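Both complexes shown next keep chain A, but they swap its partner, so chain B is in the first and chain C is in the second.
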Partner chain A sequence: MATDALRAQVAAKWQESFARLNHNEPGIVGLLNFTQAWNIARECIRPRGLDEPDSFTQYDKSTFQASFELLNKSRRLPILLESLLEDMRKRFPVIKEEVDRYTLEYERTSDTSFILNLVFRLLKWYKKWLPMQELGATLHSAFVLSFQTHLFSVLTPTFVRGFKDLCASTLPSTDPRTNVPAPNVEMWQAFEILGLLDRYENIIASVGYEHIEAHVVAACSGRWSNPMLGQLRKWMTDKVVPWMLLMYARNATTADDARAMLQNVGSRFDFHMAKTLCDLRTKEIFDIIIDYPDSSGALQDLKECLHRVDQRASLVHTLRKANQKRLLHPGADTRLILTQYVATIKCLRVVDPPGVLLFKVADPIRRYLRERPDTIRCIVSNLVGDDDSGDSLVDESEPIQPLQQYELDDYLDSNWEPEPVDAGPDFRANKPSDVISTLVSIYDSRDLFVKELQLLLAQRLLAIIDDDTEKVEKERRNVEILKIRFGEAALQICEVMLKDMTDSKRIDGHVQSQKASIVHPIILSKQFWPMLEATEIVMPGQFRTLQDEYAKEFTAFKPDKKLRWLPHLGTVHLVLHLEDRIVEVDVPPLEAAFIELFSQQDVWTMDELIAKVGSSVDGTAALKALLTWVDLGVLKEQAENTFRLLEVAESAADGAREWRTVTKSVIELPSAPSIQQQQAEQMRVYWKFIEGMLTNLGSLSLDRIQAMLKLAPGYDQTIEQLGIFMEAARLEELVVVRDGMWKLTPK
Partner chain B sequence: MKVEVKRWHAVAQWRWDTGVLSEDSGKGDDDEGEVCGICRVPFEGCCPVCKVPGDDCPLIWGECSHVFHMHCLLKWIGTQASKQQCPMDRRPWGERHPLAHFFFRICHNQCM
Partner chain C sequence: MEQVTSSLAPPRASAPNKSGPASSSQSGAGSVTKRLGNELMTLMMSSSPGISAFPKTDSNLFDWIGTIEGASGTVYAGLTFRISIHFPPNYPYVAMAIKFETPCYHPNVDINTGSICLDILQDKWSAVYSVQTILISLQSLLGGAFSPILRQDFGELCLIFTEPNNASPLNNDAAAIWDNQEAFKVQLMRYYRPLKDDTA
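Now for the complex of A and B:
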């Protein structure tokens, strides 16, 4: 039940509204006018079908102006706007239907022209519905906003895909033969008017990025000989920038204007190009390094890209992973690893002169190499230029220089620069040193190298037969070169070895002039040659005589010296006169000793033979020697371990071999024990000390043993090596260990 | 069968003949060899001053039958403290006549 007050209130409101719409016109004329104006206004801004005539054809322009004035005065414009938007919402399904139809068509055919047509079609609708400018900015912007909102709500993901394809189709093709499509300015304008540019900016940019990526990959992958970055930049200017102009500099009037607008987005694209190239090269880095120096162009690119894009960490990561997978496994030859390591050094020095990248990448390789037993041998044989292995690690053109040692910081260095920011804590800014220094620095001590060098030199010198002075000269040259690297003192021993060679020759010359002999020995200075595997052979028969005669002559020449033969080394050139054939052959001394024994007696068992030449010859070596003769058809294994001389060759049926004169060479490099064996040999000396200690003091810790051994002359083993040795002794059941205390096994 | 040796490319080591009696038994002095009483380097090595062994760093035989690197001994004799004595037995140093060495050996061989 309404009260009077309420009634009065409602009445007052009614009066007020009425007065506003009626404008103080008599009766309801004002109200009628308003109604008419409202209708006209609604009619002319109503969203129409495309085939309906425009509002201007029906109404005069001034009519609307008047109607609008009237509505404005009555403050009904907001309501009008609302009804317009409502109408639009109601009409929008028509557009949606159209969008669906076109996108469906596109989905079916994947033809971007459908999308293009759809866009133009949408533009038509938009233009049809767009209210006149005169109606004010509020109405206009409200319309645009609402239209776009509706439009975006009906655009399906398919449309987005089609839109992307459409953009992509406007890009210049990667194939240089096809022409650049003429820029479709209208299309871009349509995009802008419909607000598609702003909404799908990311998509358009990604189209550009993908285009760049595709081009970079197509143009650059696998091509490492020349720097590509310059070409790519040119391509960007020629092909991509015009495309970008359409979009990002559409409002530009002058060239400067355009440049300013492009600056931001252009540098983004340039960055993306550099990143793509960098990624590509990073992916290929392992193969680029293999190809070095043919791949220096790629390295230049990589260097520049890394300046632009911070991808250093990823480069290190990728390369380390590739190395782990492709290089540092048991299947890879040590030589190969070294070659790749050297190439890595050279490549990364190009990319990153301060060497931070190199340091990070090289670390695992160096650690791995350190564990390989033949690394030193490989490096050393490369140093002395072993010819059997193709390319050398060392660049011939690189000047030979002394090995560089890590130097402490020079505080007075005026060119000092701080370490690069991404350097790790243990990074050492080593100056660009030569490859050999780097290789040698894999190991903490260079003594190992010098030892290995001596060993190798000894082997090679002993392998020289026929007084080949040229070969000795070659070794001398090598040693001279190595002296520059390792220093005079370290190679003193090698020097003596070479001197022994020439001295031997001189002495031999003298001895021969006194009394001709068929023996031509190399006379070594014992202390200066590496321990050579010692097997004592007592040379039988005429060999013994030959030795003694020569030794006598030697002592006559050098009264204060005498000779001690190393009968297991060297080679003998023999001619065997058999009943039906002559065999001429170069053999090691053990073989010669055996065959000499066979000349005394036709059948021997292996044990008898060994007993004759000295018991230090082991079974395998003896068997090998005998088999050499079996291979030559001189001996035959009659029963197990019993051999018979074949005075007459066995019938050809037994083995179609050619007898007559067999000239063969069965020489191998004299084997020398490896460094490890030598170390073990050294440790054996110290075992006596250890045994004594443990006998006197009961049980001792490893530290104590090490500390006490340090007092022994010439002891240079680390505690780890001692540990390994003690462990070996434990396995031999010489010692027992409990709680880190070692003691002798109780007897 | 007759084995004819055309050429033997052998390997040997030289040793100083220090007149040690065990010389021909061959096995006794196998590895270590003897060392100079002054520098403790094997005779076949060289004294601390030299770099090349052998004739460039010869031995010296004393009358007292002690043997040293010549350079080591001369240095010792050159010092005041030496009083011209053999560092091993403090007898007056005198060099054995080079030929004495031979006579000694010849006698020795004959005795054998």
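Now for the complex of A and C:
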């Protein structure tokens, strides 16, 4: 089949190969020489057992070189290399068996020394098999590559775990008391030679990361008073960098070299440290805010970390979640929420001066506060510095300044800066910066605060007893301070109230000079005081006489004015002369009225008493007043709701009490109706109008009702509020709605 | 009410421009509008049972609609009458014009037009009267019974209206059978139309 041409070609090839191997030697001498050289070379680079003698001991070095020379000339070296690799593959199960044995041992004991020993053992094998340098770089690198490939294929995941542990054990302990283990240079060299460093770089890095994480958590958790970042960096330089040098700068010869090599990986580690610290502080942020200002160090850290790591979104997210879970629920006191809100403002201002974070975090808090009924009261009572309020929201050091309003962008501002990139669309850069302005801006309207201020001031002024000018002066100072914040006009009414206090004193002085009286009224200008709860007590007996006499003198002094008594707001100092004792006591007027009635007859029922003082007194109040006297041992409840005067003290159970010295004050703060009540009062007016229009005009749509309500004086509710109101009326079955048309429930 | 008012927090937007009654009413009628506004407020806040009135629209305070319930114990008890009230521009120097919209069988009321013959609405009108007093008068005119309030406040009026003024009847049939209350009731119910809901 073979053509002549093919035959000739094969023959030529054969001749050529033969000539190459035979080196033009006579006969087959060349061929024989080649065979010998081949055998020597194979023998010399053959992978051997660890206990076998090295090839040098059997053969002379020059013999190898001659053999290799010969093989090279015959261009048979690649074939030799192949057979070497093949041999290695065949011998490798020995190593595999060894690897398995050691890793099994490690798995059993978790002792990293087995891994260490294994590494050294592998190194021995490697060195044993490594062909001589003289045989050329090609052979060398082919061997290394092949050895490593085989090695990696037999290394199990268990080994990887062990390797990680081994690396970790070389790190300086987080416990500063134990010494840094002496660096095991040999081990790292072994790692490098075996190619483990390159292959397991990630694992080594993760060992480093975990170490840093553990240290940061151990060193910084809950320690917020000082910035930790500096300390951490120092720790990195002292403890971690030497460790890193071993692997990342192993070839460095000079310090500069090492620095250059470490630069990349070093910044990665530093980043990781910042991230870990940032994560930790983010997790702790709620408690950090609670601890403010003791936690300012932590905030400094957080600020620096946020510059390095972009974790702002996660900070906002975490804080919002924490607020939702821990703060904005019905169990939290409004005062507490406000305090935390103020602390949040201060803290986030440290972390992020432009206020983007604050804006994002504050929004839910503000929305929640807006829904709380007592928010305004809390803020206002803080503004005037209620004595019992505990710590104030406002820094004493913060300068008092007028409330700031949102301003339009100032186009001429030469210091203008664009808004931060992560700012939301609603973000306003020029927000009010002081705490009070921020709090007041929770509500869109400032009037609510002013109203509440008036209420509170009224309450506090009325609570002042015994002409305590000092307290009035204190209120005056408060009002002056608030004027700076809210403006002169808003506080005019408060001004009048204060003036009433001084005027009362003057008028009283005048009236007393005309006709001395033991009544010392405070005269209020009705228009300027908040609606005071009007329980009309008709004072009996001598009180009535006293009031009337005083009123007569007053009218003589100011003919155009008329006194309308609000007796329930006063206090009465009483001295009761009983048969065996004298009781001296300060009581509210209702109590006084009752005891006055007991001077007419000894036994009264509660209903009779109420009828005497005017029916506006309800049972609970009356009972409370009577029980005051029972507590003082002046009255005794004979049967249910029937009381008897004890002219002679009952000595039975509590005879030990010393009546003569009883001087007790049972005065409570007079209450002015809150804004809510006043609003309810206003809504009652509006309801009358709604009732009127629905009676006459039949059924109306919400829009029409809203429009018609403009006829009611001072109507200022939105249609949404009206809708809520009507819905409530519907629930009380006052109105019905069909197809959006409201009408009164048919009778 | 509590849950309503607690959620009434702050007014979010300032109330839209008040197209208040003053601006759209006749020129120079500012004081009239003011008086009518006051009367409305007084009427709304006083709880006189069975009488009520309200402007037809929010833009015109001069046209009102009123409602009168027949006083109990009279032949009109349980019936409700709708009336229309129109105020002249020179109110209160001139009386308002009042008509029954619901057919009202009564000696002094025209059954067809609803006009009322009542001297305080005509020659005896005085500026001290108000919507409220007139409505109370009308209510008592219906039954011939005066409420105690009226007796107290308008003693003079009592003398005029103790009885329907049969001397000047607009409805002669009604005047004729006034004394026979049962027959009167039959006639009354024949003409009476209950209020419909959708009058708005």
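Assume the second predicted complex is superposed on the first by the 674 of 747 C-alpha atoms of A that agree within 3 Å, B and C clash if a C-alpha of one lies under 4 Å from a C-alpha of the other, contacts with A are read in each partner's own complex, and residues count from 1 in each chain.
By definition in this document, a contact is a pair of C-beta atoms (placed from the backbone, for glycine too) under 8 Å apart; a residue touches a chain by one contact, two chains touch by 3 or more.
Computed from a predicted model, the values in this text were never measured in an experiment.
Novice: Quick check for you: in the superposed arrangement, does A:I522 touch first (chain B), second (chain C), both or neither?
Specialist: first
Novice: Looking at the overlay, does A:M693 come into contact with chain B only (first), chain C only (second), both, or neither?
Specialist: Only chain C is touched by A:M693; chain B is not.
Novice: First (chain B), second (chain C), both or neither: which does A:E640 touch?
Specialist: Neither chain B nor chain C is touched by A:E640.
Novice: Does chain B (first) or chain C (second) touch A:E470, or do both, or does neither?
Specialist: In the superposition, A:E470 touches no partner, neither chain B nor chain C.
Novice: What is the contact status of A:Q717 with respect to chain B (first) and chain C (second): first, second, both, or neither?
Specialist: A:Q717 contacts chain C only, not chain B.
Novice: Could you look at A:D4 and tell me whether it touches chain B, chain C, both or neither (first, second, both, neither)?
Specialist: Once the two structures are laid over each other on A, A:D4 reaches no partner at all.
Novice: Please work out whether A:L448 is in contact with chain B alone, chain C alone, both, or neither, and reply first, second, both or neither.
Specialist: After superposition on chain A, A:L448 lies in contact with chain C alone.
Novice: Tell me which partner touches more residues of chain A in the superposed arrangement, chain B or chain C.
Specialist: B
Novice: Look at A:V572 in the shared chain and tell me whether it touches chain B only, chain C only, both, or neither; answer first, second, both or neither.
Specialist: In the superposed model, A:V572 contacts chain B only, not chain C.
Novice: Touch check for A:R704: first (chain B), second (chain C), both, or neither?
Specialist: In the superposed model, A:R704 contacts chain C only, not chain B.
Novice: Considering only the contact definition stated at the top, list the common interface residues of chain A for chain B and chain C.
Specialist: Common to the two interfaces on chain A: nothing.
Novice: Contact residues on chain A for chain B in the complex?
Specialist: These residues of chain A touch chain B: 462, 465-466, 492, 495-496, 499, 503, 518-528, 541-543, 546-547, 550-551, 554-555, 558-567, 569-579, 584, 589, 592, 595-596, 598-599, 645, 647.
Novice: Spell out the residues on chain C that touch chain A in their complex, using ranges where they run on.
Specialist: Of all residues in chain C, those touching chain A are 1-13, 15, 18-21, 37, 40-41, 43-45, 52-58, 61, 64-67, 82, 195-200.
Novice: Considering only the defined contacts, which chain B positions touch chain A in the complex?
Specialist: Of all residues in chain B, those touching chain A are 1-17, 23, 26, 33, 41-42, 44-45, 51-55, 58-59, 98, 101-102.
Novice: Please name which positions on chain A make contact with chain C in the complex.
Specialist: My answer: residues 370-371, 373, 443-445, 448, 676, 679-680, 683-685, 688-689, 691-693, 695-700, 704, 707-708, 710-713, 715-718, 720-721, 724-725, 728, 741, 743.
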